[in-house]
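Structures follow.
Same chain, two partners: chain A is paired with chain B first, then with chain C.
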Partner chain A sequence: MTRRAAKASPAPHTTVVVLRLYVAGDAPNSLQAIANLEAICAEHLKGGHRLEVVDILEDPRRAMAEGVLVTPSLNKLLPLPATQVVGNLSDKKRVLLALGITPHVA
Partner chain B sequence: METDIGTSKAAPHPLPKLPTGIEGFDHLSHGGFPRHRTSLVIGGPGAGKTVFALQCLVNAARQHGAPGIFVAFEESSSQIIANGNTFDWSLSSLTPEKLFIMDAHLSPTLITAGDFDLVGMLAMLAAKQQEIGAQWIVFDGIDVLLALLQDPAAEVRELYRLRDWLAASALTAILTAKTGSAPNFGFLQFMVDCVVRLERHQEDRISVQTLQIEKYRGSGYAAAEFPLSFGPSGIEVDATKAPDIGHKASMQRISAGFERLDAMLGGGVFRGSSTLITGVPGTSKTTLAGKFIEAACQRGERSLFVSFDEGAEQIMRNLSSVGIALKAHVKSGLLRMHSARTEGISAEDHLLQISALIREHRPQCMVIDPLTAIAKSGALGAARTVANRLIYRIKDEDISLMVTALSEAEGLGGEATDLQVSTIADTWIHLSYLVRGGERNRALTIVKSRGTAHSNQVRELILSDAGPSLSDVYTAGGEVLMGTLRWEKEAEESAKQTRHRAEFEHKRRELRLAEANTSAQIKALQLDLERQRAALTLSSGEDSLHTTSSNLRESELRKRRGADPARASTKKHANGAAK
Partner chain C sequence: MTSVQAGRVSAGLQKVLRQLPVSGLERRAIEAGEIDAVIDYGSANVIVFPAARRALRDNARRAAAAERKAALEIPGRNSMLAALPRAEYRRLLPALEQVMLKPGDVLHETGVPIRHVYFPVDCVICLLTQIDGQQLFATGLVGHEGMVGLPVALEAGASPVRAVVEVGGTALRVGARRFANELRSGLHLQRQLCSCALAKLNQARQIAACMASHRFEQRLACWLLMISDRAESPDLLLTHEHLAAVLNVRRESVTAASGVLRAHGLIGYSRGRISILDRKGLEAESCRCYQPLPLRLRGAQQCLPVRVAQ
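The block that comes next holds the complex of A and B.
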């Protein structure tokens, strides 16, 4: 466990992970997604990331233009390839998979 | 239209509806989809759900200037546009302000990590609605979206969310979903006010498409299945009018083609009536139909000639050989000739095609030759209903119709009865062959003619370059004679008459002769008589002389013998006998 964490920690420093999370105001799923993502980032990215949270209720046109369909929706813009995860991010394993992060616990 | 929204909600007025612009559907649904409410279009793959929904939006935008939003879950917007461009909608020319297609095609590689909802999407759509002033919205393939939720409870939750959002949005909405695909299908049907089912099934290797309204809250509707097809303008539903029998019964008669036939029919056929001509191949059904159309054109009436599996040019050439000239009428625009192939086209498609022709040309008289062609492809059951509906449709339009039908065998059987057209047709003319004496001759019979004291007699139909005509037939010994046999019979009859006349003359002469003879005999006899009278006079003179002398002699004797006078006569008698 510790060995893996040590191995993973340099990654965020070399490659910055750019994330954008689309939420819909204070809808339960959206609030949950923010909390879940913050926890994941704190645990696995150690600050080596940039996260932007877009509230669709405030800027629906932008979300439309950026191809968002359902909320909450997380886009990993960098590193490439770009991936998209929808849902409240409660399924941590799948979130990590989508973000290209090797989980600490298999 | 916009001002009466408030009042229609308050008063118990009929449900306000928005026409879809799909003529047949608007009739069936008595005006279209319920305004500001949600309708569901369900059906299997390829049943036309997407086209149906998209067509509603295109029509709303084009015909009523009402903008719409199309949310595509199943296909990408470019696919939708490409499909839409196969119709004459000029979809690409509709600006996103009139028709906004939202690409909601969810990528198959999309990762779901936990529960999600439609809050964001609905917020985006609300913004779009405000932006373009949308009045319609379509969620195409709502089942695809719901399937992603992977949780029946979540599905119901989102459906409720959607319903509430739609209710508050003042949008007229159409949801489409594949039949039975969503686990909450029952709920989906419950939450909407109107359910339309599109179906595609195979009948005798021909795919038949139908539309049926399954539910319409607060409104009457035609509940039956109606055929649907894809024309150049998109979906066409075959139900342009309420399917009831409301034909006006005209008392006006028009020519069935030519005088003798009209005479047999008691003055022609009624305007707006239907005439069925049956017969085996080659009995000149087309000729009669052609004559009917020519007569119509000569009266200056717009006419339509629909032929199957025989080109218009060919028909006109063939008809001109029997003195029926249609070309000039085609040129003047009075007559429209339409020939269609039957292979691989379902009966419903024929119906829609013919309906479109009627709409375009507005004929007063029309011919379908042969009607039985529609039964060639596809199922008989379908063809039967189509044939019936076609005839009723044409009657509704008050068009005088003549259809021909092929019968496979001699007699009144065959396809015409298969299609059961004979029961709907007002007049039924049957053509047959009579083979006798090495000849085939055409016989015409009027099997029925409603409201008409028609002739019951069989007539011989004769074709010449002056057109068809009818001739009386001979019935001899219970058999009908035609053609050469009729001619022979006619010749025989006239010979017989000549012979009769000659015989009569002869007899008269004989009688005269006999009369002359008799009078000659009378004369001779009279001469004889006179001669005999003369002789008699002479002989009676001699006798008196003789009597006197013998009397004298007798009295002499008496005197001498002294006999008594009383016995004298007896004695004299006895003496006479002894002599």
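The block that comes next holds the complex of A and C.
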């Protein structure tokens, strides 16, 4: 399962945030992580992002190439510095911090 | 934000996890039940946690059940399968494979052993008989009312006709050997096949008699009605050239006969598409060889799923 969502970046986000989410098929935490991340992106990035969902059950070597150990695991690839959050992304503050977004600004 | 409560990590899994280089954050996420799987870099295996494994298994089971249910509903459109008792049909179900057929696809060649038996759902198959080792002409049509591959049931093996898709669509097929095995134990299937064989024999006789005695306009009207009944559509993708080939006449004869039917407002045609505009009129124009499919079969979608799609 590899899914890409690419949209043009509207103001005020001039930089596209590139994200890669590693999941394990349609396991509960993986589905939850997708739903939570989509909600955060819709609220705070407003389309100024590119998200790729990689299923490690189909392609474990791809996750290994990036040093991913557990799923769900969210990697922010751009803008640098690269960051990682693990778990079902229900801790919104931690996800925002990893994405470089401060809630009061967004 | 919501979170999913996963099951506790078992002692065995804890032991495995101890050997993996998980960081503090990852360990906390595992303990909080927020992790579905870990990757064991040593073996390049994915270790799925018990709660996630159960959920994946349940999801797969639900998807398989939905697929089976969908497969059960399709044969409602094939009268032979729909008429089978549920137990007999269920036994045949795992062997049935849904296929999409395109116009011109050859299902069986003359004289060649039959590999699959086909149950048309919304496609129409034309049976062509070879004469003088070259020329082929139509001696039968099969739609959702029947099946293609009767010689398998009669233990003849090789096909005496060439079966070609006339109108594309969906069909269910089963391997010839498997079908022959099912037939030995399926009493109702045997009865269905006897009826089908008799119907095909009568149809072939009627077509042969029709060719010898009726005007071509009548034959053409009859043929179009027969295809339309089986395709359940008044619009047919058929060229004059194709009709000339299967009805064993010159192309000019098809053009002339179609012109007469069009002039009477019975059909319309353009660019390989023939539309039946006045069905009653076309039936009146056709010879008596045209036998409409019984209402029970023509309304298969409404009448038949009762016994099968449960």
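Keep this in mind: the second predicted complex is superposed on the first by the 90 of 106 C-alpha atoms of A that agree within 3 Å, B and C clash if a C-alpha of one lies under 4 Å from a C-alpha of the other, contacts with A are read in each partner's own complex, and residues count from 1 in each chain.
In this text, contacts are C-beta pairs under 8 Å (C-beta built on N, C-alpha and C of every residue); 3 or more make two chains touch, one makes a residue touch a chain.
Remember, it's a predicted structure, so these values are computed and weren't measured experimentally.
Novice: Please indicate which partner A:V86 is in contact with in the superposed arrangement: first for chain B, second for chain C, both, or neither.
Specialist: In the superposition, A:V86 touches chain B and chain C alike.
Novice: Once the structures are superposed on A, label A:E52 by its partner contacts, choosing first (chain B), second (chain C), both or neither.
Specialist: After superposing on A, A:E52 lies clear of both chain B and chain C.
Novice: Touch check for A:A98: first (chain B), second (chain C), both, or neither?
Specialist: Touch partner of A:A98: chain B, not chain C.
Novice: Please indicate which partner A:V70 is in contact with in the superposed arrangement: first for chain B, second for chain C, both, or neither.
Specialist: both
Novice: Going by the touch definition up top, name the partner, chain B or chain C, that contacts more of chain A.
Specialist: B
Novice: In the superposed arrangement, what residues of chain A touch both chain B and chain C?
Specialist: Of chain A, residues 23-25, 27, 29-30, 32, 36, 56-57, 60-61, 63-64, 68-72, 86-92 contact chain B in one complex and chain C in the other.
Novice: Under the touch definition given earlier, write down the residues of chain B that touch chain A in their complex.
Specialist: Interface residues on the chain B side: 102-104, 106-107, 110-121, 123-124, 126-128, 131, 145, 148.
Novice: Per the contact definition, I'd like the list of chain A residues that touch chain B in the complex.
Specialist: Spelled out, the residues of chain A in touch with chain B are 22-25, 27, 29-30, 32-33, 36, 56-57, 60-61, 63-64, 67-73, 83-92, 94-95, 97-98.
Novice: Name, in rising order, each residue of chain C that touches chain A in their complex.
Specialist: Residues 1-4, 6, 20-22, 25-26, 29-30, 32-39, 41, 44-46, 48, 51-52, 55-56, 59.
Novice: Could you please specify the touching residues of chain A with respect to chain C in the complex?
Specialist: 23-30, 32, 36, 39, 56-57, 60-61, 63-64, 68-72, 86-92
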